[in-house]
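Below: a set of structures, written as structure tokens.
One chain, chain A, appears in both complexes that follow, with chain B as partner in the first and chain C in the second.
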Partner chain A sequence: MARVTLTNLVKAYGAHVAVKGINLDIADKSFVALVGPSGCGKSTTLRMIAGLETVSWGEISIAGKVVNEVSSRSRGVAMVFQSYALYPHMSVRSNLSFGLRIAGVAKTEVDRRVAVATEILELGPYMERRPSQLSGGQRQRVAMGRAIVREPQVFLFDEPLSNLDAKLRHQMRVEIKKLHRRLQNTVIYVTHDQVEAMTLADQIVIMRDGLIEQAGTPAEVFQHPANKFVAGFIGAPQMNFFAGTVTEAGQIRLRGLERALDVVPGRFDMPRAGAPVTVGLRPEHIVPQDHGLTPKNPIRFEAEVLLSEALGNETLITSSIGAEEFVTRMLDPRDVADGERMSFALDTDRIHLFDPETERSLRKGSDN
Partner chain B sequence: MSAEDLAAIVPAEMGRADRVARRRNARTALAFMVPALVLVLGFLLMPVVMNVWFSFTKWKRFQGFNEWAGIDNYEKLVGSVNFAAAFQNTVIWVVASLILPVVLGLSLALLLRNMRFEETAKTIFFLPRILAPTAVGVIWYYVYAPDGILNNTLSLFGLPDDVGWLYQDNTITYAIIVTFVWQMVGLPMVLLLLGLAALPKDPIEAAKMDGATPFQVFTNITLPLLSPTILIVVILSVLAGFTAFDHIWVMGTSFPGKKSLSLTVYMYYEGFSNNAWGFASAIAVVLGLIVLAITWVQAIVQDRVDRMLK
Partner chain C sequence: MTVQVPFDLSQLDFAAIAQKERARNRTSPWIVVLSVLLALLWVAPFYYLMVSIFKSPEEYAGSSPFALPEGITPVWANIVDAWTTANMAQGFANSALYGVVGASVAVFIAALAAHGLARFQFNGKTFWFMLIFAGTVFPFQMYLIPLFFTYQQMGIINTKFGMILFYTAVCIPFPVLVLRNYMSQISTEMDEAARMDGCSEFRLFLNIVLPNCWSPMAALFLLQFTWIWNDLLFSTVLSQSTDVRSIMSALQVFQGGYASTSPVVVLTASLIASLPTVVLFLALRKTFLRGISISAG
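On to the complex of A and B.
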């Protein structure tokens, strides 16, 4: 059905290459999130799939058909824009029905589909209003409704929720998830927000600088990041990194810690003794004493609190090992004074190792 | 002081401070407006009032401006063959300038848009605009001459080459309109190009995604969104066409009695050639009323467009 395949996809704007050869196979009915820092080529990729940008090189196929030369209107895709892109001179009803009307769909069918979308998105009270008379969240729903009524094979979303407040964003996230379950189309969803990506997608694609860094399920990219960039990008607060050295005994020494870190045998392709290595540890795996999970194989140390940020349900603590700062989360928090000395337990079972040169993960079997 | 006391005092106090401030502001504003007011009163309002006044007098040459004529001048207008011709031609001018500059300007704008030599082409089409209208009139007078370029070109294609463009009642008005539009179309084109460039890209892309063909995108999205610019272009063109003078004065072959007369030229003729100032003033009043009517229609349309895009 509507499987989407990108093969060696390249987009060049003159001398500037925005997308540098992307290969991606998106299964029918799957929900794929494209994430990555600003300017990495997410929108450009999406717009090429939409047919709004020409393809400089490579191939896009939708439902088994190469669509490089096919116009947007014949690709069977619908898009929801970040800016909503509603027709300002039309009522909500006309906005929803425009695509069907110009396609010559029978009036009764137009009415039926608009009614369905109106029902799903609860747009009933606003049907005769202009976009300018709607709130951001309402506009966003109209934009989604406009895509729904076309019953496309593929839905494209370009940061659809980024203009909404946190509460509304959560609400719409749930709506989108329900919608996908109900309509069963293929969805390609661009977002900045990794919470959106993690919760909505069954496949996350992390891009950097026009290239794909890693693609996998949310659990995969979180637990087994392929490189330091992905490790740092997925997860908030972001993973802590330390410069370490491999010891003769196959342990890892961090400057500022007395004991060397044990390494789970057979998990990593260990460099030779004396080689530098980058150690990654998520905030939740450096535990303030009595305020989090008890690590199985801990290394305990004391350090000065440099900064504490109370969030209510947890407090983020910035401290340091040697000269290297790290952030940790204190669950069930107590009052913390800046400058106080605190005991931490570092979970050696949870360390990630990266090659400092290539930044690739040293975990066995993570070759991508 | 309790909250209630405050609530009772504040409005009164604020009201007084407000009034003082407003009075001071009004005085300052007036001081700044005086020069403009003097100019508007002296050079705009007074002449208009005087013009209306004179249209009811028998002023001709150096006498009669103090003799009341009642509505004689207007009666004479209604019965005048020349006025009928001038009025009819003015209507043709207005209709032509309602349609031609917009259609041609928009076509040119769409054609030149994103073209490789857009800037150069734009300049070329805009160039005639900076020439003096009288000069353009003279040049085109020779283009239309019986043995001029136009007839010579027609003869190359074996077409009738003996048309007296500026000497035949059925061609002269249209011939002058062509010249006029040729000179004027640059501005509509540039305005529409700017309007097109300022259109939001998103709704147009959304329409493409919605399955619209380029033509459907144009008629359903581009045109409605462009309508404020189109409206401005229409107003400017209609007023320009309505008040066209130089071209007609230069290219018209003789006055009055020829079909090229417009209300402006007729007014000028009666005033400055015939010295019938009272009569000319009556023509001016009619002209003014028509402009007023056009402005009124424009305000209504503007309101509609605003509401459509609001």
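On to the complex of A and C.
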């Protein structure tokens, strides 16, 4: 059972604290994605788990055993690096077997494991080549193969696909998913690509500035973001935010909209009347007239198109309510002229509310 | 936007285009003349050397130094004469020993130091680096006098050990400088991958870092070998006897006491003495031109 537990984990580089006391319990066989903006401490966390960085404070345990002082090679973890970090002077075969050979694993066992990895990753034709004679995707596979042969309990990935082009990235994403199904190890996967995180992981951990902002399934973090940061980070184009005020009737008024927004009764901890709130609405919940399902409980308004970006299958439209810009997607798009007036229907059932001060979600039962 | 009719390539005169391109790249005749003159200037001494070794001492004395030789057979006599007069066999063996051992040990030690300087964080790192680096700053001649007296006191003057010790030490600083820079460019992720693969620090150095540094190391070996081989000054000061002195000091017999030796023999001897470095360069040329790609990983 390779459950990974981080307890009050801290990493300080001198006075700079990169990881500020995170707690995380990663179940056996689960696939966890660490996401967050650049510099938030994802790699540092992963490298502490790998044993490549010392732990300043707190505890890491793998399979029930505290590993703070255990060397990398004895932790039962394997890592795939962003730069692949293959050994340039060795053939693919030697790259795969190197770790096992120096550990003194018997030759037949080395051959067996290399054969398994080769078969899984379809590396057969490249075994005698040097890394420099491989394409990016092939190098990536060798890097994964090198991790597989160690038969680790925990797989660590640090942005493994960020050097690949979009198409290859999709291909490799599928392969990683298959690999996880087949090998059933615990995977901790660092990425800044939220599509990767959403599609691969069972659990997403969103970090900011050395702290965990929210952890949950992809659906949870998407549908019930715990705060404004997570709401803005997950989902593309990102969620639109508006400044609103709570009315006497418990509705929400946005400057620039005639009608106030109804709020689903009992869903939020509503502040007192007159208090400001931040309203969040995903692009797909402000529907351009005739281009998408009309919401059940709409508020209709007209606004000027400030910018339209045609993507082929959809067009992103930037417009505004009052002085606040928002982005929406027009499905089944038609030609849109900048400056054109367009009708939109805003889905009041789908609004998110945040405290403007703390930025926390006002939804009832949201944990932090 | 309208779709255009494809441009008809056949209407172009490719020969004319090529000529125009060539004209653009044509070198001025003055540059050519100047290059030829400079080349001749370089080749002249070499030509003089090459024609002279094929002449007998009498023929050399009786004709212009630039005249072509009458035959090629006198070269054998010249070689034998040079070889025995200067006891070149012993000199060759000694110099080969100093060059091979000195240069390879120096480059290896330099690689160890460079690895430490490029990879580890420790106190006084800059200080140590500057200290080693200082070895390349001062002219070597500065060491001559202190070295001579120290060697005398230690009793290692005029010994093979003393010679190797000196050559090894003096050949370390420059390779440290080069290798440190080279190793700094090797991805540290590769080191980390190797550590996770279970490498100890020393194995990491030996199995991962060194193999990726072969090309600069080969080049450095060649440079240091050549320096040791060609060194006359230190060899003359630190060794006297025939069985310790290097090939270059062996050649000194042609001065002074044996000054009566014909120039053709002296020339032959110097040519023979410089052959090994040329051969070594040709042999190792591929190794460092091939250049194992580091960035590829």
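Operating definition for what follows: the second predicted complex is superposed on the first by the 368 of 368 C-alpha atoms of A that agree within 3 Å, B and C clash if a C-alpha of one lies under 4 Å from a C-alpha of the other, contacts with A are read in each partner's own complex, and residues count from 1 in each chain.
In this text, a residue touches a chain if its C-beta (ideal position, glycine included) is under 8 Å from a C-beta of that chain, and two chains touch if they have at least 3 such contacts.
Computed from a predicted model, the values in this text were never measured in an experiment.
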Superposed partners chain B and chain C on chain A - clash or fit: clash
Partner chain in contact with A:Ser72 - chain B first, chain C second, else both or neither: both
Which superposed partner A:Met342 touches (first chain B, second chain C, both, neither): neither
Which superposed partner A:Phe98 touches (first chain B, second chain C, both, neither): both
Chain B versus chain C as contact partner of A:Leu164, first or second or both or neither: neither
Partner chain in contact with A:Val4 - chain B first, chain C second, else both or neither: neither
Which superposed partner A:Ile62 touches (first chain B, second chain C, both, neither): neither
Interface residues of chain A shared between complexes with chain B and chain C: 50-52, 72-73, 77-79, 81, 83-89, 98-99, 102-103, 130, 132, 146, 150
Parts of chain C lying in touch with chain A, wherever the complex brings them together: 187, 189-190, 192-199, 203, 207-208, 211-212, 292-294, 296-297
Contacting residues of chain B [partner chain A, same complex]: 200, 202-203, 205-213, 216, 220-221, 224-225, 308-310
Chain B contact footprint on chain A (complex, rising order): 50-52, 71-73, 77-79, 81, 83-89, 98-99, 102-103, 130, 132, 146, 150
Chain A residues touching chain C - in the complex, by the definition given at the top: 50-52, 72-73, 77-79, 81-89, 98-99, 102-103, 130-132, 139, 146, 150
